[in-house]
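Per-chain numbering from 1; labels A, B, C, D, E, F, G, H, I, J, K and L assigned in written order.
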Amino acid sequence: MAQNFEIVERVGVSSVSVSDAIKSAVFGAGKERPVAWFEVTRQRGCVTDNGDLEYQVTVKVGRKLG
Amino acid sequence: MAQNFEIVERVGVSSVSVSDAIKSAVFGAGKERPVAWFEVTRQRGCVTDNGDLEYQVTVKVGRKLG
Amino acid sequence: MAQNFEIVERVGVSSVSVSDAIKSAVFGAGKERPVAWFEVTRQRGCVTDNGDLEYQVTVKVGRKLG
Amino acid sequence: MAQNFEIVERVGVSSVSVSDAIKSAVFGAGKERPVAWFEVTRQRGCVTDNGDLEYQVTVKVGRKLG
Amino acid sequence: MAQNFEIVERVGVSSVSVSDAIKSAVFGAGKERPVAWFEVTRQRGCVTDNGDLEYQVTVKVGRKLG
Amino acid sequence: MAQNFEIVERVGVSSVSVSDAIKSAVFGAGKERPVAWFEVTRQRGCVTDNGDLEYQVTVKVGRKLG
Amino acid sequence: MAQNFEIVERVGVSSVSVSDAIKSAVFGAGKERPVAWFEVTRQRGCVTDNGDLEYQVTVKVGRKLG
Amino acid sequence: MAQNFEIVERVGVSSVSVSDAIKSAVFGAGKERPVAWFEVTRQRGCVTDNGDLEYQVTVKVGRKLG
Amino acid sequence: MAQNFEIVERVGVSSVSVSDAIKSAVFGAGKERPVAWFEVTRQRGCVTDNGDLEYQVTVKVGRKLG
Amino acid sequence: MAQNFEIVERVGVSSVSVSDAIKSAVFGAGKERPVAWFEVTRQRGCVTDNGDLEYQVTVKVGRKLG
Amino acid sequence: MAQNFEIVERVGVSSVSVSDAIKSAVFGAGKERPVAWFEVTRQRGCVTDNGDLEYQVTVKVGRKLG
Amino acid sequence: MAQNFEIVERVGVSSVSVSDAIKSAVFGAGKERPVAWFEVTRQRGCVTDNGDLEYQVTVKVGRKLG
């Protein structure tokens, strides 16, 4: 029987770059279960107290079940 | 290293008001892990047998990951 | 055979609150046929001449067909 | 008590212009009940046998309920 | 003068298949007026008490006006 | 000649209710120019330090231009 | 360094045609700052007291920043 | 007090049909907690090495919380 | 066996009107293969050097495959 | 260097079922170039002269480029 | 009383990277008023005369009002 | 007469960064016809066997027609 997947939604945070925030979210989600794919769904951020940008990137992560 | 977040989706139910349904969803999600933010994504409902409205509000809840 | 439903779209108007506008739309649609469920799809409004808010809430209403 | 509205969806057809198709849909909907507002939601069309364009414009029409 | 169309929204219900639910919605809408086209806009469902799936498919149906 | 409108986007904040946050956004926007209409486009919020909800409601506000 | 742009949202009103309403919105926005591009995002309207259509077209206008 | 629901997102996989993939996702999600409703949100797939279609259907599943 | 269709996306450009830009896109796409239908998906434009509007209308065009 | 993909949009037509229409679109697109994945983006249809349903399913098809 | 926010829409331009275009838009918007948050809503670009990419990133910027 | 454009959809793949995947898609599309503009419409990816991220970025590319 074919295997199913679950999709979990994570927000990766990074003060370096958008790509770094994506990696943080995906690798975090991969600690619990192997990641099959991911999709970026929202890119937000804020300005920190010392004037830098903090990237907050929402990522949907597909993980193989059982 | 910056902390990441998970987003979980809940439906709060209330026969009182939309705000009450939001609170129910958010406080329920907060029992397991502290809530950082929430976003209302759908407002539905039905008419109960005694003719009142029951509000069913879908809320995405962001929670800080350990 | 399973029963089908129709979906009609109504705009409830209220100067009291969003919930009151929802009720107005749903109960109005229920006069003609029993309401099975409803969904809020748009929340607009205007400022009346005496400076109060008037809420105009669009609601899709599902009704069971005979 | 404030009056409610119904929203009906019509497709106006015209071989002249998009505006003409909008008018056709709105005036048609207005024959049954006074039109309060309208909103264009889709613009499609086809090429007729003699090579002209036929415009098919979907319009949501708000009408005041008795 | 070109003929206009109305679009009505129906939910077809079936415990057999998605296609069966579509048919139910379209043929139901066709009893009142000839159907020109249809479009599937939402596919939901529930699990019945004996563990089967019930498909509830929302269909927009275009019908030619008089 | 017909008058045009501008649309500005505001976020109203309230710890009382969604309606209160809407009012805050609309009345704030109305201090600079008369408000013709408003539309709610997003409802977010957070949990404050003492455990209450803070509602942050995004509202698009239409204002008549001179 | 590359120049940035601002996007402002305007509603042009015309009793003549959709194109006329677009022009009204774009030229109005251009009085304050040169217009780089525009995008039509919503087409609404109403029926005036003497039975004509009034077009209300929402336009996002991109303007080059100093 | 009214009970709340959680919504989880699953991808059901089947080489037979779309309906089969839906069933796989819904019944999989039901092993952990009773399913109240489901909604199909995306239908993708691929071509397998022997030239057949594999359906990958994303389903949001609502489950009643204890 | 039923015939399939392809959908191609074109941008028609005109300094006259939106309808003229639609025609330009549809007739251009029809030179290669007969057009079955079209749908307008985006309306943009710019201001030319002599102060006129240039309409850039995106159209999806359905064409019957051999 | 990694290989890129193109996405083409096709409408499969079938009087049998939605799945049959998907297959028709995907296999048609695969005659020119190997199909990597597909995604269903719209499900429409019409009623044929003898009262049956004809399914018209829009599918985006990803194909590996040389 | 709680403070409100305004949301302004900016397009940042950069020939270096997407992140650089985001920074340009956010820091530009921050010259007039402190930035509370930002959200990326569209990523476009063009090819310059010497064959490089120019990134044009639309960013919605939230700024605290007086 | 004004020139028209076609829009083609490509997926650029890169194990380096999102920007690199965009470049790959745009430059690939430019080999056949000059690129006028591009727009990023989806950002996905997967985890490769050695644990790195592979970015798969969907780009719509506008190209001037002869």
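Just so we're on the same page, a contact is a pair of C-beta atoms (placed from the backbone, for glycine too) under 8 Å apart; a residue touches a chain by one contact, two chains touch by 3 or more.
Please read these numbers as outputs of a predicted model, since none were measured by experiment.
Q: Which other chains touch subunit B while also touching subunit H?
A: A chain counts here if it touches both subunit B and subunit H, which gives A.
Q: By mean C-alpha position, what chain is farthest away from subunit A?
A: Between subunit A and every other chain, the largest centroid distance is to D.
Q: Centre-to-centre on C-alpha atoms, which chain is most distant from subunit F?
A: With centres defined by C-alpha atoms, farthest from subunit F sits J.
Q: Averaging only over C-alpha atoms, locate the centres of subunit B and subunit D and give their separation in whole Å.
A: Computed from C-alpha means, the inter-chain centre distance equals 38 Å.
Q: Provide the C-alpha centroid distance between subunit B and subunit E, rounded to the nearest whole angstrom.
A: 31
Q: Give, as an integer number of Å, the spacing between the C-alpha centres of subunit J and subunit I.
A: 22
Q: Could you check subunit L for residues that touch two or more other chains and list them?
A: If we look for residues of subunit L contacting two or more partner chains, we find 8-9, 18.
Q: So which chains actually touch one another? I want all the pairs, not just one.
A: All touching pairs, sorted by chain label, are A-B, A-H, A-K, A-L, B-C, B-F, B-H, C-D, C-E, C-F, D-E, D-G, D-I, E-H, E-J, F-G, F-K, G-I, G-K, H-J, I-J, I-L, J-L, K-L.
Q: Hey, which residues of subunit B end up touching subunit F in the complex?
A: Listed in rising order, the residues are 18-19, 22-23, 26, 30, 34-40.
Q: Quick one: in the complex, what on subunit I touches subunit J?
A: The touching residues are 1-9, 60, 62, 65.
Q: Any idea which subunit K residues touch subunit L in the complex?
A: Against subunit L, subunit K makes touches at 17-18, 42-47, 53, 55.
Q: List the residues on subunit D that touch subunit E in their complex, please.
A: 8-15, 24-25, 28, 54, 58
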